[in-house]
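Right, I'll just put the structure down here and ask away after.
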Amino acid sequence: MIDIQLLESTLDAQQCISFVHSNDAGGIDVFIGTVRNATKGKPVLRLEFEAYEPMAIAEMRKIAEQAIEKFGVKKIALHHRTGILEIGEAAVIIAVSAPHRAAAFDACRYCIDTLKEAVPIWKKEIFEDGEVWVAAHP
Amino acid sequence: MIDIQLLESTLDAQQCISFVHSNDAGGIDVFIGTVRNATKGKPVLRLEFEAYEPMAIAEMRKIAEQAIEKFGVKKIALHHRTGILEIGEAAVIIAVSAPHRAAAFDACRYCIDTLKEAVPIWKKEIFEDGEVWVAAHP
Amino acid sequence: MMKISLLSFGIAKDIIGHRFLDLELPAAASVGDLRSMLVQRFPRLSDLASVRLAVNGEYASEYLPLDENDEVALIPPVSGG
Amino acid sequence: MMKISLLSFGIAKDIIGHRFLDLELPAAASVGDLRSMLVQRFPRLSDLASVRLAVNGEYASEYLPLDENDEVALIPPVSGG
(Lines give C-alpha, C1' and ligand atoms only; values in the text may rest on other atoms or scores of the structure.)
Protein backbone atom coordinates (compact mmCIF):
# COMPACT_ATOMS: atom_id res chain seq x y z
CA MET A 1 0.00 0.00 0.00
CA ILE A 2 1.26 3.39 -1.04
CA ASP A 3 0.31 6.91 0.03
CA ILE A 4 1.76 9.67 -2.15
CA GLN A 5 1.09 13.32 -1.38
CA LEU A 6 2.32 16.64 -2.66
CA LEU A 7 1.14 19.24 -0.15
CA GLU A 8 1.19 23.00 0.28
CA SER A 9 0.58 22.64 4.02
CA THR A 10 2.79 21.37 6.88
CA LEU A 11 3.79 17.71 6.57
CA ASP A 12 2.75 15.40 9.41
CA ALA A 13 5.16 12.62 10.42
CA GLN A 14 2.57 10.97 12.64
CA GLN A 15 0.18 10.71 9.70
CA CYS A 16 2.87 8.94 7.62
CA ILE A 17 3.69 6.60 10.52
CA SER A 18 0.01 5.77 11.07
CA PHE A 19 -0.42 5.00 7.38
CA VAL A 20 2.43 2.46 7.28
CA HIS A 21 1.82 0.97 10.73
CA SER A 22 0.74 -2.65 10.52
CA ASN A 23 0.34 -5.44 13.07
CA ASP A 24 2.36 -7.79 10.89
CA ALA A 25 5.28 -5.38 10.32
CA GLY A 26 7.90 -5.20 13.06
CA GLY A 27 9.91 -2.24 11.83
CA ILE A 28 9.16 1.26 10.56
CA ASP A 29 11.82 3.58 9.23
CA VAL A 30 11.01 7.24 8.71
CA PHE A 31 13.13 9.84 6.96
CA ILE A 32 12.38 13.54 7.42
CA GLY A 33 14.22 16.11 5.32
CA THR A 34 14.11 19.54 6.97
CA VAL A 35 15.07 23.01 5.80
CA ARG A 36 18.53 23.97 7.05
CA ASN A 37 19.30 27.51 8.15
CA ALA A 38 22.47 27.71 6.03
CA THR A 39 24.09 26.38 2.86
CA LYS A 40 27.89 26.25 2.79
CA GLY A 41 27.92 28.62 5.74
CA LYS A 42 25.65 31.21 4.12
CA PRO A 43 22.41 31.91 6.02
CA VAL A 44 19.25 30.82 4.21
CA LEU A 45 16.07 32.83 4.89
CA ARG A 46 13.60 30.31 3.46
CA LEU A 47 13.05 27.86 0.61
CA GLU A 48 10.61 27.63 -2.23
CA PHE A 49 9.68 24.32 -3.85
CA GLU A 50 8.19 24.12 -7.30
CA ALA A 51 6.87 20.86 -8.75
CA TYR A 52 5.67 19.54 -12.08
CA GLU A 53 2.82 18.14 -10.08
CA PRO A 54 1.27 15.28 -12.07
CA MET A 55 4.67 13.94 -13.11
CA ALA A 56 6.13 14.39 -9.60
CA ILE A 57 3.28 12.35 -8.14
CA ALA A 58 3.66 9.67 -10.83
CA GLU A 59 7.44 9.47 -10.27
CA MET A 60 7.03 9.26 -6.49
CA ARG A 61 4.55 6.43 -6.99
CA LYS A 62 6.99 4.58 -9.28
CA ILE A 63 9.75 4.90 -6.68
CA ALA A 64 7.49 3.51 -3.95
CA GLU A 65 6.41 0.63 -6.20
CA GLN A 66 10.04 -0.16 -7.03
CA ALA A 67 10.96 -0.10 -3.33
CA ILE A 68 8.16 -2.53 -2.45
CA GLU A 69 9.24 -4.83 -5.28
CA LYS A 70 12.97 -4.55 -4.53
CA PHE A 71 12.97 -4.80 -0.73
CA GLY A 72 9.74 -6.66 0.06
CA VAL A 73 8.47 -3.91 2.33
CA LYS A 74 4.78 -3.60 3.18
CA LYS A 75 3.65 0.02 3.07
CA ILE A 76 5.18 3.33 2.06
CA ALA A 77 4.04 6.90 2.67
CA LEU A 78 5.85 9.58 0.68
CA HIS A 79 4.83 13.18 1.31
CA HIS A 80 6.55 16.20 -0.24
CA ARG A 81 5.94 19.90 0.34
CA THR A 82 5.54 22.59 -2.28
CA GLY A 83 5.48 26.36 -1.97
CA ILE A 84 7.31 28.44 0.60
CA LEU A 85 9.03 26.69 3.52
CA GLU A 86 10.47 28.32 6.59
CA ILE A 87 13.70 27.15 8.27
CA GLY A 88 13.20 23.90 10.18
CA GLU A 89 10.05 22.85 8.31
CA ALA A 90 9.85 19.37 6.78
CA ALA A 91 10.29 19.30 3.00
CA VAL A 92 9.83 15.54 2.67
CA ILE A 93 8.72 12.67 4.87
CA ILE A 94 9.11 9.03 3.86
CA ALA A 95 7.83 6.22 6.08
CA VAL A 96 8.31 2.53 5.29
CA SER A 97 7.11 -0.53 7.22
CA ALA A 98 8.56 -3.99 6.82
CA PRO A 99 8.51 -7.35 8.59
CA HIS A 100 12.19 -6.81 9.49
CA ARG A 101 14.17 -3.67 10.04
CA ALA A 102 16.93 -4.05 7.43
CA ALA A 103 14.39 -3.91 4.60
CA ALA A 104 12.71 -0.85 6.12
CA PHE A 105 16.03 1.04 6.33
CA ASP A 106 17.13 -0.01 2.83
CA ALA A 107 13.81 0.85 1.21
CA CYS A 108 13.55 4.24 2.95
CA ARG A 109 17.04 5.18 1.83
CA TYR A 110 16.32 3.98 -1.69
CA CYS A 111 13.22 6.19 -1.79
CA ILE A 112 14.95 9.38 -0.69
CA ASP A 113 18.04 8.77 -2.85
CA THR A 114 15.92 8.07 -5.94
CA LEU A 115 13.51 10.92 -5.23
CA LYS A 116 16.42 13.34 -5.21
CA GLU A 117 17.52 12.12 -8.65
CA ALA A 118 14.28 11.55 -10.47
CA VAL A 119 11.31 13.51 -9.13
CA PRO A 120 10.61 16.80 -10.94
CA ILE A 121 10.68 19.11 -7.93
CA TRP A 122 12.92 22.16 -7.70
CA LYS A 123 14.23 23.96 -4.65
CA LYS A 124 15.05 27.65 -4.62
CA GLU A 125 17.14 28.93 -1.72
CA ILE A 126 16.35 32.48 -0.71
CA PHE A 127 19.25 34.43 0.83
CA GLU A 128 19.51 37.95 2.19
CA ASP A 129 21.02 39.07 -1.14
CA GLY A 130 19.31 36.91 -3.75
CA GLU A 131 17.86 33.57 -4.77
CA VAL A 132 19.43 30.43 -6.24
CA TRP A 133 17.89 27.37 -7.88
CA VAL A 134 19.76 24.55 -6.13
CA ALA A 135 22.08 22.37 -8.27
CA ALA A 136 21.06 24.11 -11.50
CA HIS A 137 24.59 24.87 -12.60
CA PRO A 138 27.62 22.55 -12.60
CA MET B 1 22.54 16.01 22.78
CA ILE B 2 21.07 12.75 23.93
CA ASP B 3 17.66 11.84 25.35
CA ILE B 4 17.44 8.32 26.83
CA GLN B 5 14.20 7.03 28.28
CA LEU B 6 12.92 3.71 29.57
CA LEU B 7 9.16 4.08 29.88
CA GLU B 8 6.20 2.07 31.10
CA SER B 9 3.81 4.22 29.07
CA THR B 10 3.20 4.54 25.31
CA LEU B 11 6.20 5.81 23.34
CA ASP B 12 5.72 9.01 21.36
CA ALA B 13 7.48 9.31 17.98
CA GLN B 14 6.66 13.01 17.70
CA GLN B 15 8.39 13.67 21.03
CA CYS B 16 11.56 11.92 19.77
CA ILE B 17 11.43 13.86 16.49
CA SER B 18 10.94 17.18 18.30
CA PHE B 19 13.91 16.44 20.55
CA VAL B 20 16.32 15.82 17.65
CA HIS B 21 14.93 18.52 15.35
CA SER B 22 17.43 21.27 14.73
CA ASN B 23 17.62 24.19 12.30
CA ASP B 24 21.15 23.22 11.34
CA ALA B 25 20.37 19.53 10.69
CA GLY B 26 18.89 18.67 7.30
CA GLY B 27 18.00 15.03 7.89
CA ILE B 28 16.23 13.06 10.60
CA ASP B 29 15.99 9.28 10.56
CA VAL B 30 13.58 7.55 12.90
CA PHE B 31 13.32 3.84 13.59
CA ILE B 32 10.22 2.43 15.30
CA GLY B 33 10.16 -1.19 16.39
CA THR B 34 6.59 -2.42 16.85
CA VAL B 35 5.09 -5.58 18.32
CA ARG B 36 4.24 -8.10 15.60
CA ASN B 37 1.12 -10.22 15.82
CA ALA B 38 2.99 -13.46 15.07
CA THR B 39 6.40 -15.14 15.39
CA LYS B 40 7.27 -17.80 12.82
CA GLY B 41 3.59 -18.00 11.91
CA LYS B 42 2.40 -18.50 15.51
CA PRO B 43 0.00 -15.85 16.82
CA VAL B 44 1.41 -13.70 19.62
CA LEU B 45 -1.08 -12.31 22.18
CA ARG B 46 1.20 -9.69 23.72
CA LEU B 47 4.77 -9.06 24.86
CA GLU B 48 6.39 -8.32 28.15
CA PHE B 49 9.67 -6.41 28.43
CA GLU B 50 11.86 -6.64 31.48
CA ALA B 51 14.91 -4.41 31.95
CA TYR B 52 17.88 -4.15 34.27
CA GLU B 53 17.00 -0.51 34.42
CA PRO B 54 20.08 1.44 35.54
CA MET B 55 22.37 -0.64 33.33
CA ALA B 56 19.94 -0.52 30.38
CA ILE B 57 19.87 3.28 30.58
CA ALA B 58 23.67 3.44 30.88
CA GLU B 59 24.16 1.11 27.90
CA MET B 60 21.67 3.07 25.77
CA ARG B 61 23.54 6.26 26.61
CA LYS B 62 26.87 4.64 25.62
CA ILE B 63 25.42 3.56 22.28
CA ALA B 64 24.13 7.07 21.57
CA GLU B 65 27.50 8.59 22.53
CA GLN B 66 29.31 6.12 20.25
CA ALA B 67 26.93 6.93 17.38
CA ILE B 68 27.53 10.68 17.75
CA GLU B 69 31.29 10.09 17.83
CA LYS B 70 31.31 7.57 14.95
CA PHE B 71 28.91 9.25 12.52
CA GLY B 72 29.09 12.94 13.46
CA VAL B 73 25.36 13.19 14.04
CA LYS B 74 23.83 15.99 16.14
CA LYS B 75 21.14 14.65 18.43
CA ILE B 76 19.75 11.24 19.36
CA ALA B 77 16.59 10.25 21.19
CA LEU B 78 16.37 6.63 22.29
CA HIS B 79 13.19 5.53 24.04
CA HIS B 80 12.41 1.94 25.04
CA ARG B 81 9.27 0.49 26.60
CA THR B 82 9.06 -1.84 29.57
CA GLY B 83 6.16 -3.85 30.94
CA ILE B 84 3.28 -5.31 28.95
CA LEU B 85 2.87 -4.33 25.30
CA GLU B 86 -0.09 -5.06 23.09
CA ILE B 87 0.23 -6.01 19.41
CA GLY B 88 1.14 -3.00 17.26
CA GLU B 89 2.57 -0.90 20.10
CA ALA B 90 6.03 0.62 19.78
CA ALA B 91 8.72 -1.19 21.78
CA VAL B 92 11.52 1.16 20.77
CA ILE B 93 11.88 4.51 19.01
CA ILE B 94 15.22 5.91 17.89
CA ALA B 95 15.48 9.34 16.25
CA VAL B 96 18.72 10.80 14.92
CA SER B 97 19.37 14.18 13.32
CA ALA B 98 22.39 14.98 11.17
CA PRO B 99 23.56 17.66 8.77
CA HIS B 100 23.27 15.11 5.94
CA ARG B 101 21.04 12.11 5.53
CA ALA B 102 23.61 9.31 5.12
CA ALA B 103 24.94 9.89 8.63
CA ALA B 104 21.40 9.95 10.07
CA PHE B 105 20.56 6.59 8.47
CA ASP B 106 23.87 4.98 9.45
CA ALA B 107 23.73 6.19 13.04
CA CYS B 108 20.09 5.14 13.52
CA ARG B 109 20.84 1.66 12.21
CA TYR B 110 23.94 1.43 14.39
CA CYS B 111 21.85 2.33 17.45
CA ILE B 112 19.16 -0.29 16.88
CA ASP B 113 21.65 -3.02 15.88
CA THR B 114 23.84 -2.37 18.92
CA LEU B 115 20.87 -1.98 21.27
CA LYS B 116 19.69 -5.45 20.27
CA GLU B 117 23.10 -6.92 21.15
CA ALA B 118 24.10 -5.03 24.25
CA VAL B 119 21.25 -3.50 26.21
CA PRO B 120 19.99 -5.63 29.12
CA ILE B 121 16.33 -5.79 28.17
CA TRP B 122 14.42 -9.04 27.74
CA LYS B 123 11.32 -9.77 25.71
CA LYS B 124 8.83 -12.48 26.62
CA GLU B 125 6.36 -13.51 23.95
CA ILE B 126 3.00 -14.58 25.29
CA PHE B 127 1.14 -17.14 23.17
CA GLU B 128 -2.26 -18.80 23.58
CA ASP B 129 -0.52 -21.87 25.05
CA GLY B 130 2.45 -20.47 26.95
CA GLU B 131 5.26 -17.93 27.20
CA VAL B 132 8.78 -17.83 25.78
CA TRP B 133 11.78 -15.63 26.58
CA VAL B 134 12.95 -14.65 23.11
CA ALA B 135 16.39 -15.90 21.98
CA ALA B 136 17.15 -17.49 25.37
CA HIS B 137 18.01 -20.89 23.95
CA PRO B 138 20.23 -21.67 20.97
CA MET C 1 4.04 21.55 -39.01
CA MET C 2 2.68 20.54 -35.61
CA LYS C 3 2.00 22.34 -32.37
CA ILE C 4 3.35 21.23 -29.01
CA SER C 5 3.07 22.81 -25.54
CA LEU C 6 6.29 23.50 -23.67
CA LEU C 7 6.25 23.63 -19.86
CA SER C 8 9.28 25.02 -18.08
CA PHE C 9 10.26 24.70 -14.43
CA GLY C 10 12.81 26.06 -11.99
CA ILE C 11 15.72 27.77 -13.64
CA ALA C 12 14.48 26.67 -17.08
CA LYS C 13 11.38 28.77 -16.56
CA ASP C 14 13.56 31.76 -15.66
CA ILE C 15 15.58 31.25 -18.86
CA ILE C 16 12.61 30.66 -21.18
CA GLY C 17 10.67 33.46 -19.49
CA HIS C 18 7.34 31.62 -19.53
CA ARG C 19 5.83 28.68 -17.69
CA PHE C 20 3.82 27.73 -20.83
CA LEU C 21 4.91 28.23 -24.42
CA ASP C 22 3.22 26.92 -27.55
CA LEU C 23 5.70 25.96 -30.24
CA GLU C 24 5.40 25.10 -33.93
CA LEU C 25 7.69 22.26 -34.94
CA PRO C 26 8.29 20.50 -38.28
CA ALA C 27 6.15 17.37 -38.51
CA ALA C 28 8.14 14.33 -37.28
CA ALA C 29 10.48 16.42 -35.13
CA SER C 30 12.07 14.37 -32.33
CA VAL C 31 12.81 15.26 -28.74
CA GLY C 32 16.43 15.83 -29.80
CA ASP C 33 15.31 18.22 -32.56
CA LEU C 34 13.29 20.20 -30.03
CA ARG C 35 16.25 20.30 -27.66
CA SER C 36 18.53 21.69 -30.41
CA MET C 37 15.96 24.30 -31.35
CA LEU C 38 15.55 25.40 -27.72
CA VAL C 39 19.28 25.59 -27.05
CA GLN C 40 19.72 27.72 -30.16
CA ARG C 41 16.93 30.07 -29.15
CA PHE C 42 17.81 30.12 -25.40
CA PRO C 43 21.60 29.60 -25.24
CA ARG C 44 21.65 29.89 -21.41
CA LEU C 45 20.09 26.40 -21.30
CA SER C 46 23.58 25.10 -22.19
CA ASP C 47 24.95 26.46 -18.92
CA LEU C 48 22.80 24.10 -16.85
CA ALA C 49 24.22 20.94 -15.26
CA SER C 50 21.59 18.95 -17.18
CA VAL C 51 18.29 19.37 -18.97
CA ARG C 52 16.01 16.37 -19.38
CA LEU C 53 12.85 16.47 -21.48
CA ALA C 54 9.66 14.73 -20.46
CA VAL C 55 6.88 14.05 -22.94
CA ASN C 56 3.37 13.76 -21.53
CA GLY C 57 4.75 13.23 -18.03
CA GLU C 58 7.45 10.63 -18.80
CA TYR C 59 11.18 11.14 -19.25
CA ALA C 60 11.81 10.74 -22.99
CA SER C 61 14.79 9.65 -25.09
CA GLU C 62 16.23 12.01 -27.69
CA TYR C 63 14.94 9.75 -30.47
CA LEU C 64 11.28 9.85 -29.50
CA PRO C 65 9.24 11.46 -32.30
CA LEU C 66 6.90 14.15 -31.05
CA ASP C 67 3.21 14.27 -31.87
CA GLU C 68 0.74 17.09 -32.34
CA ASN C 69 -0.41 18.46 -28.95
CA ASP C 70 2.28 16.68 -26.93
CA GLU C 71 3.06 18.30 -23.60
CA VAL C 72 6.83 18.59 -23.32
CA ALA C 73 8.42 19.60 -20.02
CA LEU C 74 11.88 21.08 -19.64
CA ILE C 75 13.41 19.46 -16.56
CA PRO C 76 16.53 21.21 -15.26
CA PRO C 77 18.48 19.44 -12.45
CA VAL C 78 15.91 18.36 -9.87
CA SER C 79 16.46 19.23 -6.21
CA GLY C 80 13.54 17.87 -4.24
CA GLY C 81 13.83 16.20 -0.85
CA MET D 1 34.30 -15.10 52.78
CA MET D 2 32.47 -12.20 51.21
CA LYS D 3 28.88 -11.43 50.41
CA ILE D 4 27.64 -10.38 46.96
CA SER D 5 24.13 -9.66 45.64
CA LEU D 6 22.99 -11.58 42.60
CA LEU D 7 20.32 -10.08 40.34
CA SER D 8 18.70 -12.32 37.76
CA PHE D 9 16.66 -11.34 34.71
CA GLY D 10 14.53 -12.95 32.04
CA ILE D 11 14.97 -16.68 31.77
CA ALA D 12 17.83 -16.57 34.29
CA LYS D 13 15.40 -15.35 36.92
CA ASP D 14 13.06 -18.24 36.07
CA ILE D 15 15.97 -20.69 36.47
CA ILE D 16 17.39 -19.18 39.68
CA GLY D 17 13.90 -18.72 41.09
CA HIS D 18 14.61 -15.30 42.61
CA ARG D 19 15.18 -11.80 41.33
CA PHE D 20 17.58 -11.10 44.23
CA LEU D 21 19.85 -13.62 45.91
CA ASP D 22 22.58 -12.95 48.46
CA LEU D 23 25.56 -15.26 48.04
CA GLU D 24 28.60 -16.04 50.18
CA LEU D 25 31.75 -16.46 48.09
CA PRO D 26 35.35 -17.24 49.02
CA ALA D 27 37.35 -14.02 49.33
CA ALA D 28 39.06 -13.19 46.02
CA ALA D 29 36.57 -15.20 43.96
CA SER D 30 36.44 -14.01 40.33
CA VAL D 31 33.51 -13.58 37.97
CA GLY D 32 34.51 -16.91 36.42
CA ASP D 33 34.45 -18.61 39.81
CA LEU D 34 30.95 -17.28 40.44
CA ARG D 35 29.84 -18.49 37.01
CA SER D 36 31.14 -22.03 37.73
CA MET D 37 29.42 -22.07 41.08
CA LEU D 38 26.12 -20.92 39.58
CA VAL D 39 26.24 -23.41 36.71
CA GLN D 40 26.88 -26.21 39.18
CA ARG D 41 24.01 -25.16 41.42
CA PHE D 42 21.63 -24.27 38.53
CA PRO D 43 22.58 -26.61 35.64
CA ARG D 44 19.81 -25.27 33.37
CA LEU D 45 21.93 -22.11 32.96
CA SER D 46 24.12 -24.23 30.63
CA ASP D 47 21.20 -24.64 28.24
CA LEU D 48 21.08 -20.91 27.47
CA ALA D 49 22.52 -19.47 24.25
CA SER D 50 24.74 -17.24 26.41
CA VAL D 51 25.04 -15.85 29.93
CA ARG D 52 27.03 -12.67 30.51
CA LEU D 53 27.76 -11.33 33.96
CA ALA D 54 27.70 -7.64 34.80
CA VAL D 55 29.34 -6.29 37.94
CA ASN D 56 27.94 -3.06 39.34
CA GLY D 57 26.22 -2.32 36.03
CA GLU D 58 29.10 -3.05 33.63
CA TYR D 59 29.75 -6.18 31.59
CA ALA D 60 32.68 -7.92 33.29
CA SER D 61 35.43 -10.28 32.13
CA GLU D 62 35.77 -13.72 33.71
CA TYR D 63 39.00 -12.64 35.38
CA LEU D 64 37.59 -9.70 37.31
CA PRO D 65 37.94 -10.31 41.06
CA LEU D 66 34.75 -9.68 42.97
CA ASP D 67 34.52 -7.44 46.01
CA GLU D 68 32.37 -7.50 49.11
CA ASN D 69 28.88 -6.09 48.37
CA ASP D 70 29.28 -6.18 44.58
CA GLU D 71 26.03 -6.29 42.64
CA VAL D 72 26.35 -9.01 40.04
CA ALA D 73 23.71 -9.38 37.34
CA LEU D 74 23.06 -12.53 35.34
CA ILE D 75 22.42 -11.43 31.77
CA PRO D 76 20.90 -14.13 29.56
CA PRO D 77 20.62 -13.37 25.80
CA VAL D 78 19.16 -9.88 25.51
CA SER D 79 16.18 -9.29 23.24
CA GLY D 80 15.24 -5.63 23.45
CA GLY D 81 14.21 -3.47 20.51
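Per-chain numbering from 1; labels A, B, C and D assigned in written order.
Criterion: a residue touches a chain if its C-beta (ideal position, glycine included) is under 8 Å from a C-beta of that chain, and two chains touch if they have at least 3 such contacts.
All values reported here derive from a predicted model rather than from experimental measurement.
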With chain A gone and every other chain left where it is, what groups do the chains form?
-> B, D | C
Sorted by label, the chains bordering both chain A and chain C are none
Chain B to chain C, mean C-alpha position gap in Å, rounds to 48
Computed distance of Cα centres, chain D from chain B, in Å | 26
Chain-centre distance (mean CA atoms) for chain C and chain D, in whole Å, is 72
Check each residue of chain B and list the ones that touch at least two other chains.
-> 33, 112
Indicate the residues of chain D shared as contacts by at least two other chains.
-> none
Can you name every pair of chains that touch?
-> A-B, A-C, B-D
For the chain A and chain B complex, residues of the former touching the latter | 13-14, 17, 21-38, 87-88, 99, 101, 104-105, 108-109, 112
What residues on chain B touch chain D, complex-wise?
-> 33, 49-52, 54-56, 58, 80, 91-92, 112, 115-124, 133-138
Can you list the residues on chain C that touch chain A in the complex?
-> 7, 9-11, 13-14, 47-49, 54, 57-58, 73, 75-81
